[in-house]
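Chain lettering (A, B, C and D) follows the sequence in which the chains are written, and residue indices restart at 1 in each chain.
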Amino acid sequence: MPQFPPAHPFDDDKLREECGVFGVIGVTDAANFVALGLHALQHRGQEAGGIVSHHPDEGFNSVRRFGYVRDNFTKQSLMETLPGPLAIGHVRYSTAGSKGAAIRDVQPFFGEFSMGGAAIAHNGNITNADALRRELIERGSIFQSSSDSECIIHLMARSLQRNIPERMEDALRRVEGAFSIVAMTRSELIGVRDALGVRPLVMGKIGDGYVLSSETCALDIIGADFVREIEPGEMVVISDEGVESSFPFRRKSSRFCIFEHVYFSRPDSIIGGRSVYETRRQIGVELAREAPVDADLVCPVPDSGTPAAIGFAHESGIPFGMGIIRNQYMGRTFIEPTEQIRNMGVRLKLNVNRALIRGKRVILVDDSVVRGTTSRKIKEMILDAGAAEVHFRIASPPTAWPCFYGVDTPQREKLLAATMSEDEMREHLNVDSLKFISLDGLYRAVGEAEGRSNSCPQYCDACFSGEYPVEPSDMIKKGFELKAAE
Amino acid sequence: MPQFPPAHPFDDDKLREECGVFGVIGVTDAANFVALGLHALQHRGQEAGGIVSHHPDEGFNSVRRFGYVRDNFTKQSLMETLPGPLAIGHVRYSTAGSKGAAIRDVQPFFGEFSMGGAAIAHNGNITNADALRRELIERGSIFQSSSDSECIIHLMARSLQRNIPERMEDALRRVEGAFSIVAMTRSELIGVRDALGVRPLVMGKIGDGYVLSSETCALDIIGADFVREIEPGEMVVISDEGVESSFPFRRKSSRFCIFEHVYFSRPDSIIGGRSVYETRRQIGVELAREAPVDADLVCPVPDSGTPAAIGFAHESGIPFGMGIIRNQYMGRTFIEPTEQIRNMGVRLKLNVNRALIRGKRVILVDDSVVRGTTSRKIKEMILDAGAAEVHFRIASPPTAWPCFYGVDTPQREKLLAATMSEDEMREHLNVDSLKFISLDGLYRAVGEAEGRSNSCPQYCDACFSGEYPVEPSDMIKKGFELKAAE
Amino acid sequence: MPQFPPAHPFDDDKLREECGVFGVIGVTDAANFVALGLHALQHRGQEAGGIVSHHPDEGFNSVRRFGYVRDNFTKQSLMETLPGPLAIGHVRYSTAGSKGAAIRDVQPFFGEFSMGGAAIAHNGNITNADALRRELIERGSIFQSSSDSECIIHLMARSLQRNIPERMEDALRRVEGAFSIVAMTRSELIGVRDALGVRPLVMGKIGDGYVLSSETCALDIIGADFVREIEPGEMVVISDEGVESSFPFRRKSSRFCIFEHVYFSRPDSIIGGRSVYETRRQIGVELAREAPVDADLVCPVPDSGTPAAIGFAHESGIPFGMGIIRNQYMGRTFIEPTEQIRNMGVRLKLNVNRALIRGKRVILVDDSVVRGTTSRKIKEMILDAGAAEVHFRIASPPTAWPCFYGVDTPQREKLLAATMSEDEMREHLNVDSLKFISLDGLYRAVGEAEGRSNSCPQYCDACFSGEYPVEPSDMIKKGFELKAAE
Amino acid sequence: MPQFPPAHPFDDDKLREECGVFGVIGVTDAANFVALGLHALQHRGQEAGGIVSHHPDEGFNSVRRFGYVRDNFTKQSLMETLPGPLAIGHVRYSTAGSKGAAIRDVQPFFGEFSMGGAAIAHNGNITNADALRRELIERGSIFQSSSDSECIIHLMARSLQRNIPERMEDALRRVEGAFSIVAMTRSELIGVRDALGVRPLVMGKIGDGYVLSSETCALDIIGADFVREIEPGEMVVISDEGVESSFPFRRKSSRFCIFEHVYFSRPDSIIGGRSVYETRRQIGVELAREAPVDADLVCPVPDSGTPAAIGFAHESGIPFGMGIIRNQYMGRTFIEPTEQIRNMGVRLKLNVNRALIRGKRVILVDDSVVRGTTSRKIKEMILDAGAAEVHFRIASPPTAWPCFYGVDTPQREKLLAATMSEDEMREHLNVDSLKFISLDGLYRAVGEAEGRSNSCPQYCDACFSGEYPVEPSDMIKKGFELKAAE
């Protein structure tokens, strides 16, 4: 079983985005652009990646691999097997499928229909996948993967519509959950977002061609210009004849994932017209206002805590310093030499800048607390190095509920905030103080001056609030209990 | 030919440390500790690594591999082939040997002598290696590698002394240049530094055992305590009976490499009692004093410019911000899709945080300018993103001379500062201003309040000053011209 | 694209069996037995192999790989991923599918049905596969491979029957062509042969368990006892409760592939109660009677011509000798050094035993002539070595028609015998004489004392006679012309 | 540790030749010819192979690899790294060095001398290597391998002679044992045989170029013409100016290895003017005369017993038949499924042709008996298949002494014939009769009509007679006892 180094030093203690999608039409050797786009989206999924291309003479071709884009999609000989002006790609962390990773679970998925082939790449999660799968098997579909996203292909195969975009509409009307999809036929690049617009999807332009991407940072890498976001509930079909837009799903008010701002998206991406970096810096500013503390040093937990720490330091006037240094070669598990080494897992990835920390009252700024296991270890390293006080400031509210819309979260019982109050967490972590930003503070930082509208929240914040905009029906059948009405 | 991703986004435009060394005695399964130590020293050499261990029953064993420590030395089955309480290791960028990398050039080197075997790992460079090699071949030595460091083994083989440490002394007296050596016999761990102490070497203690390492950050990763630096001209022989120190070489006043402070060493290491991070931050402070400029944002070129940028921002009062975002998955070369993409090499590694930069007067803080090629590209990206002004502040003096003491530098003609004045460079880079820290400013930042003592410089600063403390005799024979006496 | 050394020195000039199948039930770690069985059947397919196993607790597991069984299925760690008392496997040369080999085309195929999973391995070829595939896609099936055998799984998925064996019957009634199938459910091992029994399938017993195999030689390797052949048109379902036999297809008179006797099967296998070795030897005897010639040496083209050569020598009284020596390490293509080397492809695999050949009148016995390209090269090598005369004796009639029942044959135009008479071939090969065994002689050698019954032939001999017992309907649609009625 | 399939089904119960050497000068891209030559010599060593080439502009280049020639030396990109008109190569089974195979032990070895480089490939064994090695280390040589052959390079490095051929003479005068050497300088191809000529070496011509090879079969594969054998004690130096021959060693009467005729050499090679195949056939004839027996079938143990079996059948008039069929895909070790399978190791490689054997009195002809383990297993398989009687006829005398001249033999205690008489062996193997050819019979078969000259034997037959033509001095120091004088 392939094992890949996680991207973040504490990925086992972070929520993880499960996928990134990217597609291009109207350029020479589109697959090369897709490789670059996926490389820029690698933070959204490190386990595996795939590209499908289409060439008028050579038809569809596909390569799917475990590992990083930079390791798999950079050889001339391989890229030459993916010719043509139209291509889509996908990176994934893991799917809702079986844990034993298999290459057949790696997207894009491909299906041959009577009117031609189509490939599909999906970011999100289908909350009624179990029920759909059971129904499709009863009717005679043979599944080739354990991925829920394959349901979409089988629903399309059974649609009575005459062309592929209409078959896709047909199929997606049966699907519940969150989806941002990039798909392709022999001549069309297709993008779709679910009616709530939970996961991101943007459109760009490069020369005479078009691009669809999970984030804007992947437009930058290929020098494409940002055009606009695909709207919640919108489907775009891009061909030689231009961009055709439709809104095939019942309209709802948008509920974009607020955690994309907090952690998932890259800081150099722009979402809803806002710089992600600037939003995170502003979270730090809000935190400094909500939870000030007298101290000598503001220190980020690298790298994701850095913008908020810069904002906190700026607002509080306390100096910013890099008290924790990240090993840029971090990776797999070493053989543990002996019991003499405590916290080796952390040491492989981070080291304390002892000379800077010694004797200081330190404010540690981190983006989130999930299980809390690494927060403890960092605190110990900081104290071992001689810090006088340790104050945690967290750039998101307590994560108390799992996500069912395309994010890998531990079961609810494993979430520290599901079982402890803020005070209990402080005691559990044994730090001098611990403060999370408030949900309203977070909404202010993303630009909602009035904070959260509890009657009609502007974002999906289910991981903090327990309010799920789409009912997780498969999970409920498996015993998951929704938050009791208050 | 194996290709490995460079560690720094512009490694092709940086000076590169060539080696890191590490050794342990007196612990169970010493090789596991060495693997961890080398992982912490990976920034000193990414091309290849090797470990030699010794076990009383199983003798010497050795594994040498191209690639990262984390990829090569983490498998149980492999590490079990390296048993015993005594082991040394080496990571290298490249040697002074042939460019066609061969595994036989990867250290540690091993030699079987009549009194037993010895392994040796070398950080530095031998400036009279050509002459020594020629002499040894005349006398009947067969070289197995193209590495100059192998001379030491052959000199030892021909020594008339009765034990290995004395043979090593004998050999090293014939060697000119810079060397920090970690070596081992069946029962001894040996450390040596040349008389000028150009390259670093420190000693640590773990349980009843001892450690030798290029830097203190590698003591931290295994939880060892820092004991002291090996002194210039000192040899330590560590065995069951403790540490024996001697000074076999003619004493000289110390000339430690000042560039270790500027760039090579990890910021969390401590050299000569000073935190490398703090020194770099202080360089930023000095720069802000020497070369102030009115601007809106201090922005580091990640990651090595960050501490100096923090210092510059603090001293100048101008806000610190991450205007350039590094792709943490950067790597090999992608297939260039078309000419539509300019500066793709840079985009693979860095992206501009456009929302932050737009309309601002930006101070870019970088650690050094070598060829200047990437400085130009970064400037263009910053301007493309809409910056109003771009000011470069460089945390080292102009690099005008190659290093011959274990650092990979371009030929003198390729060094921008060798052919241009500061003003010409500013024009060449086409930026609003460009300032390097002065040599005196740099000496102040490393703690020499009076600056550089020109009569007897406290450091080796040949790359800036052209004053070589050891004559590069092989290079002079090949036509290199020393700086004319003034 | 993986490339594997062909098994026979002139495989590019031989007909090639496309598949071997093997299955076991009722033993501990059945997959280990299957690996051995497939190893013994490797001559039936060298390109790829796969094994599916089922364990009550761990469900179905599957491994499919390109390359030899001995290279893929011999690692403990891999075999441990295939637990359970029930397993089937498949080796293939290539499928009727796309030429770009893909691992998804490697059998056994697996399908999840509403009543549980099933895996299927197929030896043979479906002559109406194109039509079936088109129909299935119209109805919404998504094909995962380019292999025609996958049709069977999709037909089963759409069957209205309540259990898997009945669904398989249902599916196979729609299938035209030749098939010997080994399949499995969670608790049953299933074997089926088409109504004509074109391809072989035998049953064996090992301890309390049962075995199904393409040939008896694979029973020998695991020490199983031969029980009987599965009969044409028979389906056996083997479970804890024993063997259940049925005959679900319309009965026809049997037409076993006569080429299995000539070349495909291993000489140590027993078919229809006859030793394949003995049959081949007898072909040599018949040949010596039909086409005697005065000569000094009977020399086989190794290895497949050896038994017939032994028979020819015995019957004729002319000494048997190994005039051609096979390089047992033959393999991939070497870089051709210069034009100095003629016939290098042949030299890589065979060398003439010059001292034996020189001055002799040589009878070369080969099993068949397909394109004739290698026959020419061998003749030249023999003459270069100084033979006085060269007489070819071929142990099969002229191969003038392609096979559509699971054998890889060149297009009809490429078959030497399709375009030339025996005399023209002799001239083309430029040998002193050339004789093929007659069709009646071949029938006598396989035990039909009266020769071939032209009204109702006892075997499928379409490759010689052009009389196809099942109409190749897909091929006819593509333009293939049947032999004109005489 | 790399594991390669042995070439012969019972290689663990055979003596094994340790090396083959090959060299070419005067052709374009000589390394391609060497690859072909080594492929033809693969039977002399399967573990590893290496090629060194020299090009006037690009100097010496070398590739050394574990595994088969066909797998390593067939890629265009690799072969292009070995340019030039002069190249030598080596295949080896294993060296007298350490058992943990290391690539640094793979020949050819290379040494840089003051007058230029030289590469050397050695077939044979140095019987005073331990003493030489000790002496060289005392004097300051650093060995890079555990191979005894490296002594030659170090002796050359210390020679006072002015050119490489003379240094080689100097070195070889210190060496005891057997050696057939192919070496090269920048402009010369050198061949040398020890004074007894124990191991073979032949010269061929291709165009204007020359070839040196262990056997003639490797001349055939590249289309070179056989010129002559290098004579015992001869050194040839081949350059642009032709072939220069000298006899630098003290002359002795020749003692060529008789086992090359029995088993090592390929049957299509010609040694001393005799076809190896014909010699082996003649051994069978002699055996039939010396040890006739009434039986129904003469059956070879494939493949090496075949020529002798043909001779035995011809002389005795008993029919020849292939009672044992070899699996041509034999290979690595499979996981043993259960204790149900007896003799699996044998079954992987051989299967009995049951229909042929049943009820017959069988004469099994094998080339040699070493440990006797596989002879037992074959006998059991034959009896299991229903043979009425089993008679072993062995085409060599009892192997009672180890070889110290470049052949891998078990220790004397493990040789069946060292501890048992022929009768005891027959009982141990439990066969109806067992007969070895007599030493005189063997000498007659190789053409010595009078048999062995005991006063001055024409061949080295130490493995049969215990008479060692060169004293194995290292082994005697380690306790080996020579045969007591009679």
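Note that in this section a residue touches a chain if its C-beta (ideal position, glycine included) is under 8 Å from a C-beta of that chain, and two chains touch if they have at least 3 such contacts.
In UniProt terms, the chains line up like this: A, B, C, D = Amidophosphoribosyltransferase.
Everything numeric here is computed off the predicted structure, so don't read it as measured data.
When every step has to jump to a touching chain, what is the lowest number of steps that links chain A to chain D?
2
Based on CA centres, what chain would you say lies at the far end from chain B?
Looking at centroid distances, C is the chain farthest away.
Between chain B and chain C, what's the gap in Å when you average each chain's C-alpha atoms?
63
CA centre of chain B versus CA centre of chain D: separation in Å?
51
Between chain C and chain D, tell me the centre distance in angstrom, where each centre is the average of that chain's C-alpha atoms.
37
Multi-chain contacts only, two chains or more: what residues does chain A have there?
none
Taking all chains into account, which pairs touch?
All touching pairs, sorted by chain label, are A-B, A-C, B-D, C-D.
Flag every residue of chain A that touches chain B in the complex, lowest number first.
Listed in rising order, the residues are 5, 7, 27-29, 32-33, 35-36, 39-40, 42-43, 46, 68-71, 73-74, 76, 79, 206-207, 217, 220-223, 266-268, 270, 274-275, 277-278, 281, 303, 306-307, 310, 314, 319-322, 325, 327-338, 340-342, 344, 347-348, 351-356.
Sort out for me which residues of chain D touch chain B in the complex.
For chain D paired with chain B, touching residues are 103-104, 111-114, 137-144, 153-154, 157-158.
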